[in-house]
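Down below is the structure, laid out as structure tokens.
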């Protein structure tokens, strides 16, 4: 999964019918020091995540393994909200 | 999903039979300031999108989850037309 | 899909049994000015494409959605031969 | 599969229900000299791997082919712990 | 598929049960002049390939379409041994 931070939302009125009601989140990728990288992905929310939260994003067919995304044309889903990283080997 | 802008169309007479009638769009990837990147993808249209429009593209097996692309050899589909990006945390 | 140009063929006598008779094409990736990039992929032909032709390549599980590639261990298929690109917004 | 080293764990209380009890490992990618690269992935553990161990990570739909990850929204799984690399052709 | 050269083997005693007996090959990616690139992948052997051989590697779900890899958590398989590349357009 990708580590990322939610920085906003995509508004899209015209979209695949199955996506009505889905929240399309803009997620910037983070490095292990929680600094934002240039790359980002648009992902469907499945856990009630919001702006500013650190999350995990699953991509590809795995993005369709939640009740919210099943059988839908989405290739990225926010499936966890991160409390913290525990990195003993690189903590210093 | 990838954020992109439709800049044109691919004409292909000889193609997999299942793709007859499918519109093959050239989509340039955008950054969050709506500037075009170098990279692009050819994607099938599933929402009636046209030249100049900002869209989302789903890739991989997820690209086959629309009625238009089901069971077809396509790995990218335009599945939403973007109205706007709402980015409160990076808006300034 | 990837835009590419067929520049040759891979000969492989010892391969998965299901691939007997499949043509393994070397496809160099193209940019929108039809210039070749460094990157290339080996793809199975499903449309009778040959050396020098401009084509589209579908990758991943979508590469197995043709009658020629179904259930085979291939992750890239040539599924269309390009006649031309129509790019009104970037034509100048 | 990706060669990597486990350097820590992600804590996430709020996540897809199916992931309760799953261990989310932070895996840094390694080169063939066992030096860490910048890139990393968050992967679910399926073999009892822990901090500091060298592992293999399977990604995409293949990440769901273990009993622990089946049908879950995860796109990376640690499925082997590496004892050693045997590289006769590049050993010097 | 990726063009690569087998340079060694990964030893892993503790791994997903389904992988017992599978040979885990280290495959360095090649360019079209058969020069090794930096990037490599660990792939399961399905054709009896060995050190020093030039091969094709299929990735993603396609890697599970051989009798040896079916339903296993592997995302890369060696599915062909290359005899030669035939590149008329770039041969000079």
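As written, the chains take the letters A, B, C, D and E, and residue 1 is the first residue of each chain.
Here is the rule we use: contacts are C-beta pairs under 8 Å (C-beta built on N, C-alpha and C of every residue); 3 or more make two chains touch, one makes a residue touch a chain.
None of the values given here were measured: they were computed from a predicted structure.
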{"item": "Superposing rotation of chain C relative to chain D, computed on C-alpha atoms, to nearest 5°", "value": "145"}
{"item": "Where chain A and chain C are represented by their mean Cα positions, the distance between them in whole Å", "value": "31"}
{"item": "Distance from the mean Cα position of chain C to that of chain B, given in whole angstrom", "value": "19"}
{"item": "Residue numbers of chain B (touch at least two other chains)", "value": "60-61, 63-64"}
{"item": "Overall pattern in which the protein chains touch one another (line/ring/star/complete/other)", "value": "ring"}
{"item": "Going from chain A towards chain D, every chain in order around the ring", "value": "A, D, E, C, B"}
{"item": "Chain A contact footprint on chain B (complex, rising order)", "value": "1-3, 31-32, 46-48, 56, 58-66, 69, 77, 79-90"}
{"item": "Touching residues (chain side chain A, partner chain B) in the complex", "value": "7-16, 18-19, 24, 26, 38, 40-43, 51-52, 60-61, 63-64, 71-76"}
